[in-house]
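Below are structures written as structure tokens.
Shared chain: chain A. Partners: chain B in the first complex, chain C in the second.
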Partner chain A sequence: MSHPPTILIVGGGPAGLSAAAAAAEVGASVMLCEEQPTPGGQLIYRAQPVDTGSGGGAERPEILAKRLVEAALSAGAVLKPGVLVAGRYGDGEILLVGPGRTWTVTPDAVILATGSTDLPFPFPGATSPGVFSCRAVKILLNQWRVLPGRRFAIVGAGADAEDLAVDILLGGGEVVWSGIAPPPLFQTWGRDGVETLSIGPSHFEVDVIAIAVGRQADFALAAMSGAKLGFAPELGGWIPIADDRMQCPEQAIFVAGDAAGIGSVAVAMAEGRLTGLAAAASLGLTGAHVLDEAREAGGAELVWRGDVRRGLEPSHVQPFT
Partner chain B sequence: MVEDDQTTAHGAGRITEHALLAPLQTAAIESFFFDGVEVEGRVGEPIAAALLAAGQRIFRTMPEYGDPRGGYCMVGRCSDCLVVVNGVPGVRACMSPVTGGLHVQTQYGLGEFHGDEPDWLQG
Partner chain C sequence: MIGVNMGENRQTGTREPGVTFACRCEEVRNEEIAAAVLAGSRSIDDVKRRTRAGMGACQGIFCMPTIAAIVAQATGTPIGRLAPMTARPPVRPIPIERLAEMDDGGRETGWR
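Let's look at the complex of A and B:
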């Protein structure tokens, strides 16, 4: 080869950054695009320490983000923050949108580490100013140190909702109500935004309503590229169907992290590493034994995710038919 | 911990102490304008964050019935936070940074374009 094979990584969170370091370390020419101006994904707006699964105790999220960025850069990956991957078209051509310019690239392989989006929860008044997604409240509290109000209601009862409650308390807010009920039981009123929330016969005075009913893989690019989706409730719902090499069959695309199924930061890093090596292996840069090692070192959550994926059938309805 | 003298009617404000997070890198505080009123913001933070910290919750109104919207997703996907910046409508307040002297306005409906015409529209 006159030049090393090229790998484009979409998304600069824990999975994407880990994939970038792993692929670059074995000789791929790696470019990572992250639509936000600061790479780090969910780590950028996380307050609570992260268990990285390496047995060394919990790490502060901003330290972990820096460490992952430095590892990718020193392995030789090129990081492009503020660049959005807008689509993948025929012949694998990819449209990039950056500040003041658009351009296309056609890499030899693509890793989709696009993370997740927060699930909606429509109810009367849910469009009022003062209603935010869970992630939005974390961004305000943790990334920008802004309290959008003092009294919070959290809609949702899972891990995201519990995490958010702690973040609100750490930020100096108050959790007035948290829980889950069928959407028609909720109503909110206010003049310039949220002032009260009723759930059935109960009324609460609140300033902010956070919708924390869970998150879902961001599968848009995968589906656009022809990957089939399956429904896996254990992994947050719709996910692209991928094989043991994190590859979507018949497509030269790989998926890792929340984009491959909702999971922990630790598994996003492990899966990112596995996927980076797998993409590199598909281009002849490394061998199957290295993938086996990465899979074994990835931990129980990684293995379990593979088990869930193996049992998935494509659903009858697909977004792009 | 929030500075009490800086909170608004619904308790919005800035967090000055945090048990887990290191203090923000100090950025210059600059004034910009929202509907002609001076608002303080930290250079580089999103306009949406500065507005919410100042207690401003309405950023735009919807075209058909005029119902109000403020931020929702804070990641540039939902379009609830669109504002007019220096005469240009459709600007995502959650993705656009504060700079000193910016003129930000409520976007009513789709807004009207009063900025400089981009080069690629001419000729």
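Let's look at the complex of A and C:
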């Protein structure tokens, strides 16, 4: 009996879950591995409503996460939370490490929806207690319901910083300063952690300094798989260079979401859907017209991201292990 | 000092422009990164080999942008021309006993 082509999806956030549903819907055998015990990616620690780009207003993140999981499952995808995709080896073999089991698979195609990490902002005392990345404060506030201090300073600007400020206020904290911090930035810290922050002529007593200076793609698995990387400051830094089908040329590797360049939840979902269909199309399960429809439905941000990628020069192609 | 971020550790009374960690996992300071470039490092990988920055628990996720910025500035190379840190499996530290548990069989139906 012949089996349907296999697609491994790495990462269970909005992009990965959308890719899983799209690929499974057209008949691929889909396995999605998510490192965390609960799928949802960044949705797990967001509290403010999320614009999904569908024109229907904003959705609560926990409702959206649940909806995306259910769509993937009902399309027939297998979800494996708590399973880490630990590496990819020369002949396409992929190492999976899960609770109680370690094994390898060699899928016909791989979709990397590995998301992003927060960018650092090093300064003296940045390793003292009380200095957190934006994401870490959100995890404490929204996932664990812990208020890590009373007086917060947010270094950085943009959507993540604004979202964090709202989370802090609703959580009962106070944002005493928020903005871009060119040097000189001066902070003092004692035994219990951060105490004061001075930016230019302004001086504040703070308990927490949250660093919200941006995110960068998590491209390690893409690099290991032989994808070329290019540097796109508008998409967070180094990203895998992918074509209009979200494929890294010459590799059976596709990328979507923050892993393909920092963006919104809406574009992660749209790109995930496009990538799921594209991976399935590469295995003969659907046709190019379906991809064109998905691309058009994906919106302006999706198109813009493609434009940025097309203009990238490869800075690096990693040699295989 | 103008244009330099500074801090004061009130427990030790140390006032520093300067003890800024590029790599938290291996406690490699910005000056050590710069010193590696002065000693001849021209790539992020070479800085890693000289200083251990990027070899710790996070495998360079946190420190790489900082290393890249210092190498770019110190060598006069546009940051986008630098090769990012070479990534090798595993992406996270894994206990050896987990690898020893590796099983050969039990594939999902239809999966190689």
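A few comments on the model shown:
One rule holds for everything that comes next: the second predicted complex is superposed on the first by the 305 of 321 C-alpha atoms of A that agree within 3 Å, B and C clash if a C-alpha of one lies under 4 Å from a C-alpha of the other, contacts with A are read in each partner's own complex, and residues count from 1 in each chain.
To be clear about the criterion, contacts are C-beta pairs under 8 Å (C-beta built on N, C-alpha and C of every residue); 3 or more make two chains touch, one makes a residue touch a chain.
Nothing here was measured: the structure is a model prediction, and the numbers come from that model.
Model built by superposing both complexes on chain A: chain B and chain C fit together without a clash. By the touch criterion defined above, A:Leu140 lies against chain B but remains apart from chain C after alignment on the C-alpha atoms of chain A. In the superposed model, A:Thr104 makes contact with chain C only, not with chain B. When both complexes are overlaid on chain A, the residue A:Phe254 reaches neither chain B nor chain C. Of the two partner chains placed by the overlay, chain B and chain C both lie in contact with A:Thr127. After superposition on the shared chain, chain A has more residues touched by C, the comparison being chain B against chain C.
Seen from the CA centre of chain A, chain B and chain C lie at an angle of 70° in the overlaid model, rounded to the nearest 10.
Touch criterion met: A:Thr117 reaches chain B and chain C at once. Shared-chain residue A:Gly237: touches chain C; no touch with chain B.
In the superposition on chain A, A:Ser29 makes contact with chain C only, not with chain B. Least inter-chain distance for chain B and chain C in the combined superposition, rounded to the nearest angstrom, is 5, based on C-alpha atoms. Shared interface residues of chain A (contacting chain B in one complex, chain C in the other): 117, 127-128, 195. Remark: chain A residues 35-36, 47-49, 60, 62, 117-118, 127-133, 135-136, 139-142, 144-151, 170-173, 192-193, 195, 207 touch chain B in the complex. Against chain A, the residues of chain B that register as touching in their complex are 1-2, 7, 10-16, 18-22, 24, 45-46, 49, 52-53, 57-59, 67-77, 80. For chain A in complex with chain C, the touching residues are 3-4, 6, 29, 31, 78, 84-89, 95, 97, 101-107, 117, 119-120, 122-128, 183-191, 195, 216, 218-221, 223-224, 229-231, 233, 237-238, 313, 315-316, 318-319, 321.
The residues of chain C lying in touch with chain A in their complex are 1-11, 16-22, 24, 30, 59, 61-63, 65-66, 79-84, 86-92, 94, 98-99, 101-104, 106-112.
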